[in-house]
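Down below is the structure, laid out as structure tokens.
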Amino acid sequence: MVQSVAGVQGASVVSSLREGIVAAYRWMLLARVLDEKFASLYRAGKIHGGVYLGRGQEALSAAVGMSLRPGDVFAPLIRDGAGRLAFGETLVEAARTYLGSALGPMRGRDGNVHRGRPRDGYLPMLSHLGAMISVVNGMLLARRFKGVPQGVGAACIGEGATSTGAFHEALNQAAVERLPLVLVVADNQYAYSTHSSRQFACRSLVDRAVGYGVTGATLDGTDVAECLAVVGKAVRNARAGGGPQLVVARLLRLCGHGEHDDAGYINPALKQSELGRDCLAVAEERLRVDGWATDAELEAWHGESVGRVEAAVNSVQREPTPDPFQETWCALATPRLKDGFPAEPSAARAGTVAENPPVAAVSAVPAP
Amino acid sequence: MSITYLEAIREAQARALRDDPRVFIYGQDVGSFGGAFKATKNLAQEFPGRVIDAPISEDAMVGSAIGAAIEGMRPIIEMQFADFSTVGFNQIVNHAGAFHWRTGVPCPITIRLPSGGTTGSGPFHSQCLEGLYALYPGLVVMTPATVEDAYSMLLEAVAIDDPVIFCEHKYLYYHLKAEALPTEALPVGKARIARAGRDVTIVAYSAMVHEAIAVAEELAGEGTEVEVVDLRTVKPLDTDTVIASVARTGRLLCVSEAWPWGGVTAEVIARVATEGFGLLDAPPQRLNAKDTPVPFHPNLWTSHRPTARSICEAVRRLLQL
Amino acid sequence: MSITYLEAIREAQARALRDDPRVFIYGQDVGSFGGAFKATKNLAQEFPGRVIDAPISEDAMVGSAIGAAIEGMRPIIEMQFADFSTVGFNQIVNHAGAFHWRTGVPCPITIRLPSGGTTGSGPFHSQCLEGLYALYPGLVVMTPATVEDAYSMLLEAVAIDDPVIFCEHKYLYYHLKAEALPTEALPVGKARIARAGRDVTIVAYSAMVHEAIAVAEELAGEGTEVEVVDLRTVKPLDTDTVIASVARTGRLLCVSEAWPWGGVTAEVIARVATEGFGLLDAPPQRLNAKDTPVPFHPNLWTSHRPTARSICEAVRRLLQL
Amino acid sequence: MVQSVAGVQGASVVSSLREGIVAAYRWMLLARVLDEKFASLYRAGKIHGGVYLGRGQEALSAAVGMSLRPGDVFAPLIRDGAGRLAFGETLVEAARTYLGSALGPMRGRDGNVHRGRPRDGYLPMLSHLGAMISVVNGMLLARRFKGVPQGVGAACIGEGATSTGAFHEALNQAAVERLPLVLVVADNQYAYSTHSSRQFACRSLVDRAVGYGVTGATLDGTDVAECLAVVGKAVRNARAGGGPQLVVARLLRLCGHGEHDDAGYINPALKQSELGRDCLAVAEERLRVDGWATDAELEAWHGESVGRVEAAVNSVQREPTPDPFQETWCALATPRLKDGFPAEPSAARAGTVAENPPVAAVSAVPAP
């Protein structure tokens, strides 16, 4: 796992930079290929509900996932496929949730981007925007109480989510408690169809940092090296006791809000601008130009990604879907406290609750 | 010509904007985009400056609607999904709901909640919150089941001097069609006999009315005449029409897509038991969704909510009691 | 020695902190100040670093409690008033309530809601929200009526692996006293026969239990034996105990301080009508607060909520049915 | 009404400054006397519920009320007795709400600080902190829609209320819509017992202005001249189209949170500091030192205030309290939509709703 890009001297700087970018590129590529697979499954009518892609945001997302360590906390958002993989999510797990496999971490109860393994520090998002940040705070606070290593908590949101009260309460709470929170805002110019000029009136969202008493940083989300450097530094700052870090990335969503959306509202001028560059293409170009990867290598990585994604999706497609008759229909962890409702079949009322299937431990794994 | 439930909602808003300069629409993506479900399609273009994109700030959305209402406007707030109204909950129930009683000044706001389950929507894009808002004093809660009601009740929601929670069912958006928009309507607060019958009463509202009608059709083939009452508004609740139906049939099943504790089915049964006890030939029955979050996977989802099949079973059981 | 309802709540928290290192308390002014009602008096001093003042951020308070619970802690959140929990509503109902079902990971948090009316408190410092939280799957909702239950149920709330909404009644804080803290308790989810009788059942909970007992005492003088059932938890609701009581008396009145639409009284009556129809000798009756915000002035307040007098009238009417 | 302290030249500066301070002093004094009356009624058990004073915050509050004009919007908070009076609330109206008179604007339905006349731009607060700001926004937006003069909207909150999501959503909304909102934060160091170090981690709350893209200003809340100057300028800026203004005042609450609270938790060092000065005493001293008021005048003003307060309270104490049998018990403005509940007496169910008693028009009246 690549942790620091800066701070090493001479030739090792270059080689560490190269390693970081190569690793990031491969997570980005894998995420892109996985996203494209989900999109094609969606078009084929094989997915229930929506599909949300991270196209154009992979560099930022990968940088977040790569900057974290096992024991850290990660609360990704809908466009964080790359970061999830880099943090240790498997392709199978992602596919299971999208396809509603009974074997997935959410067991068909929740789906698509709402997935995670909370006990491993990998939080499944609530749909309500901004709501995950204070949950990360609570995990970090708990570790302080317990006197165990606190780690770093990273929460990702879009610029639209900064308009929620939840964002404000949570960032302020983190500042008051001086928690090692890294709050990463992907300002991709739009919240669904709404341009950011209807979302906030400050110059940049990083201008909010001072008002919370936290450290702020901005970065160009199309440039993977900058993503790695700035996010990496923020994570190191937080880890070193520097308190909450607000990182604001400039980029453009290169897809619809979801796959149902053709994003016809996106200003063409933005697409032509620097912001509209595809971070994956930029990274690939850089690898080529700097001679850090040959065409053959690039092709091989792509082929490998496609192969892994196909294999994962194929195997998950053969897995069982949830069975309503096996389902406990008990929302409580304490089955004896389940309320009995007349119209339910009596079997369900007596309700023995099956244990959840064991989930594998998450860890930040090396680049694929 | 044929018009969907969703188009009726759009047309009602177009007409409200056309007829009443006090009306404006505020919500996420409602402007030139036309809303997540296209319920405001072209309205920003037709009514410049009156259909406005909101930041993702449900609390401020509702709070500012209250302010605009104080100044005599008639705001329509679109929540992107009913589920997200929980973030603006305080302004809705404590501020809007209590405003007229506290101050004597009406608070005419309409809050549109795209409600109910659709396949693959999961725990946070599927909720039915009519029973939540009906708990609080000062709110009118509408749950239209037909294209005609979607149209006429939304117009009335805007006209009424009180805050109205307008629960429009997402499943009906595209599935339900009518020949034309209505020119007249039952008064708000009156339930409707959606289908007459003499053997058993099913009280339902919103999407469940159609499941109930399907059951009525199926059972008609077996000689059982099911009467279906469509509540239309759940607050106020038209106890009289429900009790009159139970007086005819002697048997009551109340169906809702919401969770089983409390809510509309409890209220309906409590009222009938209290006020129409002697009319009942059998214990009144209820059917709700299960007491878990709404599941994502269709396998689970179709077992979670009442369906024509489970309603039919419940009716058969009830007829045996 | 004599101990109040409020002191019992404080003692339960002290014991939870003492016995279980996973417990901490988080809320506005709960630290060295000891809380707006002194329910955490001296706890910050006795348990340094474990009783923490929160900013005025109910959403973040609950969200962070969820996070701490994921990490194995047992947070107790004090809302300054139940009414302010509406600002943290989304985290409570959608996040905490759905967490275990979605993820398989328990979310053991206790949210204390100082509830109910006291004179001069007005619309936003008086609410009874048990029926609101009971609507949602995944939450346990407790409504202790006695000093003993305040103590033992709060300890259980902390021990249970699920989110618990602990509705403690402000009116009982100082008014209610017991000789000593209990050493044993009914299991959570079991209702209690607060007073036995054979003529009519009053189902109540929280402060209304005491009004019901006063009525039972008054009517006993006239030869009417009232049985009072104290629900203790409203979710889960102990239908069996209620129905067993109705089986003895044949008559049911359900009383609550909450608003009349939906809520506990509707749920209780619906269950009895559905499952115990044949046991009823008369239509079941309910008594709630009026359907307006809770009034500030005592003249209005005492008419707004059920009192021993209005309950007594309702029982007399019921006995005539 | 005094509107501008700065911006006038030469001798007229002094005379206008004098007039402003004298007028403000008299509002402050009247509010202090009224507060003290409420406190003594509370101690005598004559008030239902709590009593909340503005002690130490009168200068700031009076400056807000005085800076507004008829047609503006004012959303005061619990410590704004002075501002309410300066904005046009009568003593009788204040007393009626505290004493629960049936003739008051809230008719005994709501009480104490929860009072106002919304149609006159004078908003009755919701208890939930932060909730009034977006309501002010909505009133200003409505006027823009209607094409009528927009006026200025002033909302007052404490520093504790800045931690609410409602505060954030509303200030951001005002910034996006560029509304003439003046948001006045009284940073009185405590929210109930909680010191502001547990409430926020920035240096000063004014540091938040840049993050919303609004104008910020700070002031010393113990100095009435500064209050008038800074608040006056913010109101003028807003009126002139300068968008939202965030004004943060430094001061100390010189009383308990409510009269039930002895405020034993307040740091004595703060009481001894500059912040702990009593703005009323400071203003009085200044009037004396600058020769702007004689002892006789000061005494006369005090006597007049006491007389007016006593008269108002005495008359209100003879007024009828609300009668539950006259009460409509209908929360709706549309009585025909009232739901009928079995247990209610049938008269109430049929429910004819009496009209609300007419309320007098509010206007900013001259200094007493």
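Order of writing sets the labels: A, B, C and D. Residues in every chain begin at 1.
As a working rule, a residue touches a chain if its C-beta (ideal position, glycine included) is under 8 Å from a C-beta of that chain, and two chains touch if they have at least 3 such contacts.
Note that the structure is predicted; figures quoted are calculated from it, not measured.
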Relative to chain B, chain with the most remote C-alpha centre: D
Centroid spacing, where centroids are CA-atom means, of chain B and chain C in whole angstrom: 30
Chain centre separation in whole Å, for chain C relative to chain A (CA means): 40
Averaged-CA centre spacing for the pair chain D and chain C, given as whole angstrom: 36
Residues within chain B bordering two or more other chains: 54-55, 57, 59, 83, 86-87, 90, 94, 97-98, 101-102, 123-124, 137-138, 235, 237, 261, 274-275, 285-286, 290-293
Sites on chain A at which at least two other chains make contact: 106, 109-110, 114, 126, 128, 163-166, 169, 172, 176, 198-200, 330-331, 338-339, 342
Contact graph of the chains (line, ring, star, complete, other): complete
Chain B - residues contacting chain D, complex: 24, 49-50, 54-55, 57-73, 75, 90-91, 94-95, 97-108, 137-138, 140, 160-162, 188-189, 235-237, 239, 271, 274-275
Chain B partner contacts - residues on chain D that touch it in the complex: 105-107, 109-110, 114, 116-119, 123-124, 126, 128, 131-143, 145-146, 165-166, 169-170, 172-173, 176, 330-334, 336-340, 342, 356, 359
Chain A-touching residues of chain B, taken from the complex the two chains share: 28-29, 31-33, 36, 53-57, 59, 81, 83-84, 86-87, 119-125, 260-261, 285-288, 290-293, 295-300, 302-304, 314
Complex contacts: residues of chain B adjacent to chain C: 83, 86-87, 89-90, 93-94, 97-98, 101-102, 123-124, 131-132, 134-138, 235, 237, 258-259, 261-267, 269-270, 272-275, 277-278, 280, 282-286, 290-293
Residues of chain A touching chain D in the complex: 163-169, 172, 175-176, 178, 197-203, 205, 207-214, 243
